[in-house]
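Read through the structures below before going on.
Shared between the two complexes below is chain A, which has chain B as its partner in the first and chain C in the second.
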Partner chain A sequence: MKHFKGNTLLIELMLVLLFFALSQAIILQVFASAQQTNRTVSIRNAALMQAQNTAEFLAVATTDAETALLSLGYTADSDALFIADHLSEGYQLTAHISRFTQPSGVLTTVTITASQEGHPLFTLPAVRYQGVRLP
Partner chain B sequence: MNRKTDYRVGVGASSILMVLVVLALAAMSLLSLSAARNSEALGDRALDMTTNYYQAVSEAQRMLAAMDASLADHASDNPDAATWQALLQAHGIPDVTVAADLSYSFSVNAGAQRMLEVGGRLTPAQPQRYTLTRHQLVNTATAEPQPLQLFQPQPTVTP
Partner chain C sequence: MSTRTPALRHSIPTAFIFLLIGLFALMSLMLTLLGTRVYRHIADTSAQNGDSQIVLNYIVNKVRTCDAQDAVRVETHNGFATLCLYEALDGDPYVTYIYAYNGYLWEQFSQVPQPFEPEKGERLTPVLSLAFALTPSGLLQTTIETNAGEAKTVLTALRAVSSGEAK
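Our next item is the complex of A and B:
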């Protein structure tokens, strides 16, 4: 009788361990998914805050857009493309400058794009019109 | 006399304990996932509102550029307010309103029941052809009255 009880307990423990392992495989996936979502959201929020800072600075800058972006820590990739790496925070900002010139002034459009590991997160337009004094 | 109390773990106790542990872990993981999803939804909304705001600001700047071009072209004609309004509408700025004192205003939809209201004064004779005195985000959501369902006592009628 004792021998039978011991076997039952052993079998039960084995079944319990199997059930625990299977359930943990699922539960860990749920935890990992939640962690990944949290990380993506926090990176996107940080990128959005930085992009807003850039847009607001461009709206009031007394210099041209290129100089303003350089003073914000962007590096020039080409004449119209500036990049700010925030790799420690997990994102990268790129700013593309385009201009529309008319006799009465210049309309400067800076398109700020945030990306995470090459995947675009969002795009924010920062447009500023500066009129010129005509004689 | 020599009684020994023998405590043994019965068959099934470990199963019950394990089921409780797994249920607790499952509940915690689902709560964690739910909190992450809520945070993501809040972030999505903040992103939408921010993007819509900057798109509205961009549209307002484009309208100011078009308005300035029109002012520069027709400043020498010295038109009155109604003519200015007609000229601006002809130049692709249909929503601008010009008052008799040459103050102008227009609004741009900024999403989420918000409007970006822009206003100022036209000064075509001066080197700076317009001034900007208003650049304000206004909430256009109308608050609907939600009266409390309170007991209304009927007036007693005395014979």
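Our next item is the complex of A and C:
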């Protein structure tokens, strides 16, 4: 009878331990997910601030958008695409320039896209209109 | 037939049970410590982001509300680099000074002829240092350093500055 009681206690403990191990696996996943979310939020904040700064700089730049982006540390990937790597901070900014020309002026749209490891985080359009000075 | 003594036979399952209880306690402790570390890290990062965002958003919003021709200026008063936001209320000129003093961000609202006295302002939030630069094209650069030693810069394009072209 004593032997039977000892086995029951052992089985109960092992079941508790098994339950705890399963709970621990789930909780560890939650912790890892929280850590990852925290990192993503930090990267998104930093990227958003940098993109906003780019948009504000473009709003008052006296030069064209290409020159302004180059002065901000972007590198030209093609005629209309500029890239700023912030790999140490975990993100990359790309700026795509498009122009809509009319007789009255030019509407320049710089679409700033932030991405983290190839996945897009957000897109921020910076629009500027330059009117033609009529004589 | 077992050669072990009854006492030894009895002690092995008992030791195993204690081992299991010990393992349970150890894993609980490890999980608690890990959880504490993760939580502390998340809370610290969140606080750092929050601190700098509060200061920068506050300054940007103040500038936006006072964005008029020649209303936003960067001046030095009593050796303090201050952001001065000028406005007229009922025809009288007033100024809002924003500056860093004694490890805090301060704001002081006063009539224009009154002298600037940093200790008479309103203390807002902790900040280690604050620097402003205003370009002729109307780009205000605000750099803050939080108490955590983190420096952040935000650019604000002033809408009221005439650049000679539509924006």
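Note that in this section the second predicted complex is superposed on the first by the 112 of 135 C-alpha atoms of A that agree within 3 Å, B and C clash if a C-alpha of one lies under 4 Å from a C-alpha of the other, contacts with A are read in each partner's own complex, and residues count from 1 in each chain.
In this text, contacts are C-beta pairs under 8 Å (C-beta built on N, C-alpha and C of every residue); 3 or more make two chains touch, one makes a residue touch a chain.
Since we're looking at a predicted model, the values are computed, not measured.
Looking at the shared chain after the overlay, A:Met14 reaches chain C, while chain B stays out of its contact range.
Touch criterion met: A:Pro103 reaches chain B, while chain C stays clear of it. After superposition on the shared chain, chain A has more residues touched by B, the comparison being chain B against chain C. Contacts of A:Ala61 after superposition on the shared chain: chain C is touched, whereas chain B is not. With both structures placed on the common chain, the touch criterion links A:Ser33 to chain B but leaves chain C unconnected.
Of the two partner chains placed by the overlay, only chain B lies in contact with A:Leu124; chain C stays clear of it.
When both complexes are overlaid on chain A, the residue A:Ala25 reaches neither chain B nor chain C. When the two complexes are overlaid on their common chain A, residue A:Leu87 makes contact with neither chain B nor chain C. By the touch criterion defined above, A:Asn45 reaches both chain B and chain C.
When both complexes are overlaid on chain A, the residue A:Asn53 reaches chain C alone and has no touch with chain B. Shared contact residues of chain A with chain B and chain C: 9, 13, 16, 20, 24, 27, 31, 34-35, 38, 41, 45, 52, 59, 105, 128-129, 131. Across the complex, chain C is touched by residues 6, 9-10, 13-14, 16-17, 20-21, 24, 27-28, 31, 34-35, 38, 41-42, 45, 49, 52-53, 56-57, 59-62, 105, 128-131 of chain A. Partner chain A is touched in their complex by these residues of chain C: 13, 16-17, 20-21, 23-24, 27-28, 31, 34-35, 38, 41-42, 45-46, 49, 53, 56, 135, 137-139, 152-158, 161, 163, 165-167. Listed in rising order, the residues of chain A touching chain B in the complex are 5, 8-9, 12-13, 15-16, 19-20, 23-24, 27, 30-31, 33-35, 37-38, 40-41, 44-45, 48, 52, 55, 59, 100, 102-105, 107, 109, 122-129, 131, 133-134. Across the complex, chain A is touched by residues 9, 11-12, 14-15, 18, 21-22, 25-26, 29-30, 32-33, 35-37, 39-40, 43, 46-47, 50-51, 54-55, 57-58, 61-62, 64-65, 68-69, 71-72, 127-130 of chain B.
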